[in-house]
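What follows is a group of structures, each given as structure tokens.
One chain, chain A, appears in both complexes that follow, with chain B as partner in the first and chain C in the second.
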Partner chain A sequence: MSAEPESAVSKSAALKSATPKRDRSALGSRAVQVAFVIALVGLWYVGTTYGQISPILLPNPLRVFDELVDVLATLEFVTDLRITLTELAIAFSISAASGITLGYLISRSQYSIRVFEPLLAGIYSVPIILFLPLYILFFGLGPASKIALGVTTSFFPIILNTIAGFGYVDRIFVLSARSMGASDYQLFRWVLLPAAFPIILTGLRIGFTVALLSILGSETIASLAGLGHRIVHLAEGMDTARMFAYIAFAVAIALTLNTVTSSLEARARRR
Partner chain B sequence: MTGNDLAIRVRNVSHQFGEEGSTQFVRAMLETSLDIRRGELLCLIGPSGCGKSTLLNVIGGLLTPTNGKVLVGDTDVRGPLPQEIAYVFQENALFPWSTVLENVNLGMMFQGVPKAEREPRARQSLAAVGLSDFANHYPGQLSGGMRQRAALARALSLETGILLMDEPFGALDEQTRMVLGEDLSVLLSRTGKTIVFVTHSLGEAVFLADRVAVFSARPGTIKEVITIDEPHPRKPGFMTSEKFTSLRNSLFALLHEEIRKAMEQSTASERAARRGAKS
Partner chain C sequence: MTSTAYPAQPPNAVPLGRRLKRWFLARPGVARLGVIVLLFIAWEIAARFFVDKIFLSPPSIVFTSLHTVFETNGVPNALRISASEIVAAFAMSVVIGLVVGLAVGLHRFTHKSFMPIILLLYGTPQITILPLFILYFGIGPASKIAFGVSHGIFPIIVTVVAGVQNIKPILLTSAKSMGASRWHIFRWVIFPHMIPSFFAGMRLGMTGVLLGVLLAELYVSTAGIGYFTTLFTQSFNPTKLLGLISVLAAMAILLNEIVRRAEIHYSRWRSD
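Right, the complex of A and B next:
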């Protein structure tokens, strides 16, 4: 969880080891991954076309594809997607701002790190989805309860990584900056922040992912709108083909968001 | 000798870590006094844990001693004096997220050098240590010896009168140390800086120093100061001379007894700690 700060040594080692041979083996495993997914869909197709599987339980992939095209063409998804993404954006903004601020404040003293870090790590290990019924009581069935759950799940990885980032900066960097006359602000801007940045970034990426997961999940449990709500609504109406189409759509959205955050993280780390 | 010839005056400095009676209590230094002349290179040598680095940190204002005081020129040291004192640390204290050039520039920015002056001064000090071609490398892309040269360049760019070096070549192999030692002697004979250099290598101390202060075992205090009467810059030939050998031998004789004592101390304290852990 508390990712090691990528050391300069390992960075240069990574540069050197980027040989063509490694590229080829990476390419090979990528091909196997693609083949595996194709085989899975093929099995699905064969099983539903020639087998005895009820189309209500598992519709044919071609039907699902037609439904997906229809969902995309009619722009039916826009309202639900907008609600889910708005919830995500609000939840992530709240937990990022509060997690980084509080994490920084806690990291300022070894005493408060000793007090709060195990406490926060303990709460983080609790399955936070258990709070959903409470949140629905407090905030109702609308977006507020989803935002509350998203904040609760993403706050902990963000604050814990912020503490790990700021709290364990090598003393020698601080001493050498001080010996050269660095002010408090200069120490923060040019030493603490760059030392902590990659670790905080990892916390933000994890926080973003778990916020998305918990928001989609809570929408399927009790909600009025959103992608998760739509999926449950279709399942209850036995419209499984369209439900699968929406699941595929939600997966695609989640994959896209994860790819974007991971590449943002990788790019920021390289600097 | 008048006060003007002295760059640093250490007066009755004692330092202890932890509270008396606690398990962490260590009396690192006891009643140490030392005069360091302007423009000399003084080596501090002694058994490990004798308080050499503690004294260096007290002089540099990174540590406030329990008792006694240090004067740099006429200033009472109460914290870092970035205008007067630059540091080269034992480990690599370069910022790994910045290039070599950025590291040197940052040091000058911390010290308060105007922006326009930084770049030329950084280039100049990197040239002085032979790293001009590596200005845009990250520390992680350099060898250990090159990293310490970069750290030296950062310290030189600050243009302070005093340079404190805490086992700067401690982590390097013997061959690299020797070459860096020669380069350092040439470089520093030109700058006229006052240098305090902590080492545990006898050869390094004799080769580099104008005077060598030998520490006793803990609680450390200065047992004797030996003068190395050989002009700078020193040639590699000095290392194989009769004079070098006899100086090194007399230093060894002084140290040997203290090192034995220090080792007995550490086994005794280890035994005590083990007893403490059992009960």
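Right, the complex of A and C next:
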């Protein structure tokens, strides 16, 4: 994920310095990528059509495509998607609001940074998924346990990045703003916030991604509804073709959300 | 924590309050410990007086009855299984990740061809295909190892590629002009240069492997820790559940710490 903007940069750089030789190698690698995907799908098609592969283990790609069209056309996905996205929205708003507020309060003094930051980083290094059985015990199988897990996973990257953003602003900037007579509000609005903003944005993007992952994960493990639940439900019914269709749908949703947040981050950063 | 821990003060002019304040300011670790103790006290009070016993146990009972978790029939074996799954998945991730990372990173063409595919796969939420892993590898340890590998392998590939790619061209040019063969360049220039980012990748890979194995364990398990977390949850036994979670968290912290120490150790040469 993190190398994504880098590759975009190198791509645009390659386009600008369009020497013929480099053009050809870019075309060649694009051809390799296309060939790779075609070979994979072709192998899948040939294997399932003419081979002895059980359709329960690996369904024919054409059937998967039909099922995907059916899922999209009948709008069957709407209920599950709405539940998953609602959980994500609630979890992300809670963790963003609490993470940024608490992070700002902690970053107000170097002392509290030194007290709290190692503590938060230490808890962050524990796999948060371990709390899921506990949350299911507390909040039940419904959306509440998913929201709780999403909040817990996304809270830590957000608060740690907020502390890093506000806490490590170059002292020169603060001192010079103060000596030019900046008030507390002016200092915050024109010095601290612009300096911290890009780092907080990164934290928000990471938090969003991990919140989505943990909500999908907890829906897969134990739930009553949602995209992850639907996939498991189809897997347990051995309806593999429809499960593949739902997997493709869920992956497309996740990739779209991640792309949107990344580009939002890049756009806000440029300003 | 309290002022009793403070040694007898010499008869100085500085007032005690300010000296105490300065003592605390110089030691943020003490306040950190205080925060942890406060959290545990809050947990204890909440569990003893406010929350139903079938949902939450106070930490004093959780930690004093930690031995009952280990005495539960099958738990030591489950921990052993899970630990070996994590180790196996990590070892496989490192080997495969290193090989694929070198194969992709060492040539410009393979890098440009396959890196976008790898990054796309890295960005895919693997959790959606967890049922497939169970379908293909069964509900035994094999599916947990495979799922752990699927989480651990990508950060290792990406950091190995980054470590190979970020070499200053002048180092390669000077090695070449001094007559180094391809193998020499790899062994004495690329390889040592790659080591720090490789260890950074192993740390990320360990985080991924832990996540993958635990996810698969919690999803379905017949003898691993996932079976027991489900059992303790469904029998409303928060004491044992919290005990087991603490043991697992300690295991995760230990494994992470080992890899982190190794990373610091092997990237020392770069700092000077």
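In this text, the second predicted complex is superposed on the first by the 233 of 271 C-alpha atoms of A that agree within 3 Å, B and C clash if a C-alpha of one lies under 4 Å from a C-alpha of the other, contacts with A are read in each partner's own complex, and residues count from 1 in each chain.
Everything below uses one rule, namely that a residue touches a chain if its C-beta (ideal position, glycine included) is under 8 Å from a C-beta of that chain, and two chains touch if they have at least 3 such contacts.
Since this is a predicted model, take the numbers as computed values, not measurements.
S.K.: Quick check on the superposed pair: does A:Phe36 touch chain B, chain C, both, or neither? Answer first, second, both or neither.
M.R.: Second partner only.
S.K.: Using the touch definition from the top, say if A:Trp190 reaches chain B (first), chain C (second), both or neither.
M.R.: After superposing on A, A:Trp190 lies in contact with chain B but is clear of chain C.
S.K.: Just chain B (first), just chain C (second), both, or neither: which does A:Val115 touch?
M.R.: The second partner, chain C, only.
S.K.: Quick one: chain B or chain C, who's touching more of chain A?
M.R.: The partner with more contacted residues on chain A is C.
S.K.: Once the structures are superposed on A, label A:Arg178 by its partner contacts, choosing first (chain B), second (chain C), both or neither.
M.R.: After superposing on A, A:Arg178 lies in contact with chain B but is clear of chain C.
S.K.: Identify the overlap between the chain B-contacting and the chain C-contacting residues of chain A.
M.R.: The overlap between the chain B and chain C interfaces on chain A comprises residues 7.
S.K.: So in the complex, the part of chain A that touches chain C is made up of which residues?
M.R.: Of all residues in chain A, those touching chain C are 1, 3-4, 7, 25-26, 28-29, 32-33, 36, 56-57, 111, 114-116, 118-119, 122, 125-127, 129-134, 136-138, 212-213, 216-217, 220-222, 227-228, 231-232, 235-236, 240, 243, 247, 250-251, 254-255, 258.
S.K.: Considering only the defined contacts, which chain B positions touch chain A in the complex?
M.R.: It comes out as residues 60-62, 80, 82-83, 85-87, 89, 91, 93, 95-98, 106-107, 109-112, 138-141, 158.
S.K.: Residue numbers of chain A touching chain B in their complex, please.
M.R.: 7-12, 15, 172-173, 175-183, 186, 190-191, 194-195, 197
S.K.: What residues of chain C sit close enough to touch chain A in their complex?
M.R.: Per the touch definition, chain C meets chain A at residues 25, 28, 31-32, 35-36, 55-56, 108-109, 112-117, 119-120, 122-125, 127-132, 134-136, 158, 162, 207, 210-211, 214-215, 218-219, 229-230, 232-233, 236, 238, 241-242, 245, 248-249, 252-253, 256.
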